[in-house]
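The structure's right below; bear with me while I get my questions together.
Letters are used for the chains, namely A, B and C, taken in the order the chains are written, and counting of residues starts over at 1 for each.
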Amino acid sequence: MSEVPQAIVSCRNVWKIYGPKADRIVGTPDADLPREELLQKTSCVAAVRDVSFDVQPGEVFVVMGLSGSGKSTLVRMLNRLHDPTAGKVLLDGDDIMQLDDERLREVRRRKISMVFQHFGLLPHRRIVDNVAFGLEIRGVEKEEREAKATDVLQVVGLAGLGNAYPDELSGGMQQRVGLARALATDPEIMLFDEPFSALDPLIRRDMQDEVIRLQRDVQKTMIFITHDLAEALKLGDRIAIMKDGRFVQIGTPEEVVAHPADDYVADFTRDVPRAHVLTARTIMRSTDGETDFAGDVPADAILQSLLPLVVKDERPFRVVDDGTQVGIVDRTAVLAAMVEA
Amino acid sequence: MAVPLREIQQVADLTLVPHVPVSPWRRRAVWAVATVVVLALGMILFSGGFPDSLTVDAARPFNAFSDWVITHQRTTPLFVDFLVPLKDGINAAVDHLVLQLERFTWLGVLVLAAAIAGVLAGWRMAVLTAAGFLAIGLLGLWEDSLHTLALVLLSVGVALAIGLPVGVLSARHPRLESVLRPVLDAMQTVPAFAYLVPLVLLFSIGTTAAMIATVIFALPPAIRLTSLGIRTVPETSIEVGEAFGSTSWQVLRKVQLPLAKPSIMLGVNQTIMMALGIIVIAATVGYPGLGLSVYQALQDLNVGAALAAGLGIVILAIVLDRVTHAWSERGRVRRGSTAIRVFGWSVSRRVGLIVAVLAVVAAIVIGRQVLRQQIFPTGWTVSIAGPVNTAVDWITRPDEAIGRITKHITDLGVNYALDPLRSLLLGLPWWMVCGGAAVAAWAASRRVGLAIASFLLIAAIGVFGVWDIAMDTLSQVIVAVILSVAIAIPLGIWSSQSDRVQRVLRPVLDVMQTMPQFVYLVPVIALFAVGRVPGVIAALVYALPPCIRLTDLGIRQVPAERVEAAVAFGATKRQVLRKVQLPLARPSILLGVNQTIMMVLSVVIIAALIGGGGLGLAVIQGLNHDPGRGMVAGICILLLAIVIDRITQAVGQPTARKAVGTEHRIGWLFGPSRMRGSAVQVGVQEIAMDPREEEA
Amino acid sequence: MTRTRTKTSFAALAVMTLLAAACSNVSSSTPPGGSGSASVPDNSGTTINIAISPWQGSAANVAIAKKLLEDKLGYTVKTTNIDEYAQFPALANGTLDATLEVWPSGHAKDYSKYISSNNGVVDGGKLGVIGQIGWWIPTYMVDAHPELASWEGLKQDASMFQTAESGSAGQILDGDPSYVTFDQAIADNLGLNLKVVYGGSEDAELTALKTAYASQSPILMYFWTPHWAQSKYQLSMIKLPAVTPACTDAAANDPSKYACAYPRDDLYKAFNQDLQTKAPAAFAFLSAMSYTNDDQNGVALDIHDGMAPADAAQKWIDANPTVWQPWVDAGLAAQPA
């Protein structure tokens, strides 16, 4: 990835190693040992290895990996719930390792909030008090914060449930509360640690739609951890695939599906309904001097929408982006892309 | 607090990993033979006991200290300007409290207690409290109970004022925790008799000394359970606090303390039970009340009167236990609700409160103006002393047949268990006994540190010059523990299989643990003659309840799916028990065994009072003549307790590398009732706590 | 919110309760004061705290002293039930003013530490009651085995006292281990096949006695008089070799050389050293207080049989004015004008 100066969140060669004398491992050949060997040799476990990435303001950046891949550790280093063993985490260009306790708390109170995997609601507080938690910590007066919390509850569709207690709500509703809590402090960055993994599929879909809607309405920067590729593809502007503590690929959903970086990623993406992910842009080729076109298709049209067109007409279509032709697709290309595994 | 079934399963899974070699029995037989050979060689080749040349006079510093106090207490500022005013202030405060309670009149106190219980814990508890106080009045124990209650409330208040902050601190600073642990062990294990003399020297006799002795004994559960509660707050909840920018104080106040409340409340409950548990000791430093009544009645062999006073203690214990339990439960069930239900009607809290206040005021006014009775009217009291004494006399009447049977049991116990064991322990060279402890420690924990520590601590007993009597005590402890476990586990299993058995057992166990032992020991001595056998019986009675309860609970907590799975494969009830329930209940049962051992050690002193001898006898002997030696003997009880405790805990832990500094000595005195549930739960949770870093 | 409400509840509850208590200030008890004859001085501002040791003889002493100090000398008397071990420290720092029955044999060390070395306690003179520790058996045993009247009889055969705890030897049962005893030394030095077994407490010892007595079975124990059990059970003391200076001197440095009977105990009183200045009349009264074993036993037995101590004391006071009048006179004589 090329350096982009205005990144709101950046990680530079971040490592997290647990175990005795963990800080001495980075930079030695041991750091590259496979997990088992490293554990055998040093009693250390490398959770995150040499991860670098940038997230632009307003972007939804998804980190996808199986359990144990280090993704939860990674997200916890972004607000310093865990300290990195090595490397830098920059928020707006500032190294958060340099913040003293006071300023770190300020960052957490205003700039960055988090949605937790098992919701992390405090069972002894009413819903409204859970939502107002961040504001309360910040020292906002009771009336003001309750008013704000009530508003946010409305936003996530839980109006009127403020006086209930968490265990009186279903899982999906509880996570809406978790979402509301993270929104209530009006942060620039929201961290999501596998927020929907504990929910039923249908509710999960609702919640994903909710996030998409929110993102559209409030334009937050979101860093989203998941083990579900479909979720990653659905939500992510860009996706990082993580394996054994490393990023094996960063790219847009299409890039990942169309051009898996290695077998591991390919394995993941095999069952993805490609027709729904791949776009004309991904499968187009440059003109071979053809002049007879069946028509124009937008560059971001998914294959699913191209299918009926190419079935009806054997001629190639022009792929158009912003009014200019960027390439062509034809029946062969679409079919080939769909069957390729 | 949901039952941490998953944790229990994990623990069980870990412990159940079969490491069974080809023939376990053959291996065990080899080990047994080897052990016998080694022991025999030890007895034959070496002289037994601990060499005098290695002993030191550990009593001297204590005695020097008391001599210094005796000569300086009338002049030194420490006494004149600090301890004496402190003592006088505390004495005056308690006297005033009792006086004030008496001014409320008996009716006022009764209704006040019921009103507090009602406001805190619901109308059922109000009824229970009123019934309890009425019963106390009817038994003729009103005034004594007021004194006892005042001391218990004050001591518990002080214990909590110290225990909660210290518990929080120790949860946050593991080092403090590890320093505190042996101190807390000492507070609970060293018999109060061992430090009564320094206590009296420093604080004289009366309320203050009684309060301090009570606080010392009652403080540990407050600290332990607060700390445990804080430490077992889920990591996520703390992360939530931190992620939103809480200061550590905010995390503590808004997340940890509220979530630790069940455990803290259990600590409060246990603290109250412990305070009631040593109320008889308060009598020995000159504090009046139920304890003194028990004590004096026994001096006259008036078992009936002693039993009545003991019942007073039991009633207070049950009322306080049930009310605090219901209070902590209600906080979670009814939170936020503004209505309370009384006899099926919904009443707003405010109305309930007003009714409570009015009732109290009315009761006080009636008590003062109409009844004009400060103390429960003597005309209404019912004496149970007469009938009880008649019954006791009948039970202990001279009867050839019974006499033969009890004599036979005594002879059997002494000749075939206690004497041979003591001879063995005394016949072996000291280093072999210490080495045995070290081997046991290593086998249980695979930790060299624990093995070395065990060796040194046992050796220290010899160095302190009480080897012989300590081995006497140890032999009794071993016998008592084996018997307790042999009785408790089957009873616990039985109780777990039948709700009716459980219901019948529960109040019996309550009484076993709160009734001052001496009350029922007098008939025991009459039946079995003075000696070590009644001592063992005393230990048995006291030590059975936790083991029964933990066995019962452990089995009942086995997840239903596991039992269903076994049943689905056609297992009989017996097979389910043997192959599923018992193995899964193992951590809980082992915790019960550990508790049994600690309980047996904690009644060593009681055993000594009825002829058990050993370290307990040395402690009592020290009281009048050599307090230093009494103190040393008390410390040696502690050393034995620590070694045995750490070894048995290591056995209970699933893997050797687990949890170095953790703590699951909860509910020392699993006082009456349901709180045992959560006690064990936290205990089991503790065992199950994995030093897992996080998902990595 | 809930918590706040609960807090308010308690505040309200507390306030109302206190109000109620304060408003109706009626039936609180008032001290009787001034009910006696005109010659009773008013010392009611001075409280005398007297220790009651855990046996009835002591309760009898204190009940009588309390009654007379209150009725005849006008003091306020408080009593504290307290074990012996704690009495000297408490006397020394003034928590207790007096204890009326100290057994010298058990408190030689305390005497030197507190009284001889002027550490806050003074000797209050003899109580008049004579204590005797010894080896006791129920009288029915002497009737059946007359030779047991003396220790030589035990030497012939002690096997009847055998128990599981004493093994092949006969058992001599001791009580509270905090008492000073020489029983094992006496037995060994006299060549008796006896083994000391500690009952561990007086209660345990008494239970053993009661049980044995009920079935008329053998029991040999360390015991003493005066004690309420002496009136309840017929007990005989076994004659041991007479106490001689030679015997006590031999044991002075090495208790295991002790080989004779226990010396008789002249029970004495002990006071806080400031009692004389604080309450001169009480000091004089208590110093003069002295009566016999029979006096004490009578009152003690009444208390043991369930009479309230104050009533038992009054009964004795009514019957024995000649005994106590001199004590009161001594007190009145010391009363400052």
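Just so it is clear, a contact is a pair of C-beta atoms (placed from the backbone, for glycine too) under 8 Å apart; a residue touches a chain by one contact, two chains touch by 3 or more.
Predicted model only: the values in this text are computed from it and were never measured.
> Based on the averaged CA atom positions, which chain is farthest from chain A?
Looking at centroid distances, C is the chain farthest away.
> So, comparing each chain's Cα centre against the centre of all protein Cα atoms, which one is closest?
The chain sitting closest to the overall C-alpha centre is B.
> Could you tell me which pair, B-C or A-B, is linked by more C-beta pairs in contact?
B-C
> How big is the gap, in whole Å, between where the Cα atoms of chain A centre and where those of chain C centre?
84
> Using the average of all C-alpha atoms in each chain as its centre, how far is it in Å between chain A and chain B?
Averaging C-alpha atoms per chain gives centres 53 Å apart.
> What whole-Å value do you get for the distance between chain B and chain C if each is reduced to the mean of its CA atoms?
Whole-Å distance between the two chain centres: 33.
> Residues of chain A that touch two or more other chains: which are they?
none
> For chain C, write out the residues touching at least two other chains, lowest number first.
In chain C, no residue touches at least two other chains, as defined above.
> Using the touch definition from the top, which residues of chain B touch two or more other chains?
In chain B, residues 335-336 touch at least two other chains, as defined above.
> Chain B touches which residues of chain A in the complex?
So the residues of chain A touching chain B come out as 16, 18, 45, 47, 67-68, 70, 72-73, 76, 79, 81-82, 104-110, 113-114, 116-118, 120, 122-126, 133-134, 136-138, 163, 165, 181, 185, 191.
> Sort out for me which residues of chain B touch chain C in the complex.
Listed in rising order, the residues are 67, 69-71, 73-74, 79, 84, 100, 103-104, 108, 112, 115-116, 119-120, 196-197, 200-201, 204-206, 283-286, 288, 292, 295-296, 298-301, 335-336, 349-350, 353, 356-357, 360-361, 364-365, 368-369, 372, 374, 396-398, 403, 407, 410-411, 413-415, 518, 522, 525-526, 529-533, 607-613, 616-617, 620-625.
> Using the touch definition from the top, list the residues of chain B that touch chain A in their complex.
Going through chain B, the ones touching chain A are 236-237, 239-247, 250, 254-255, 258-259, 261, 332, 335-336, 693-696.
> Residues of chain C touching chain B in their complex?
1-2, 5-6, 9-10, 12-13, 16-17, 19-21, 23-24, 26-29, 54-56, 80-86, 89-90, 92-93, 95-96, 106-107, 109, 113-114, 117, 119-120, 163-165, 173, 176-180, 197-208, 210-211, 214-217, 228, 304
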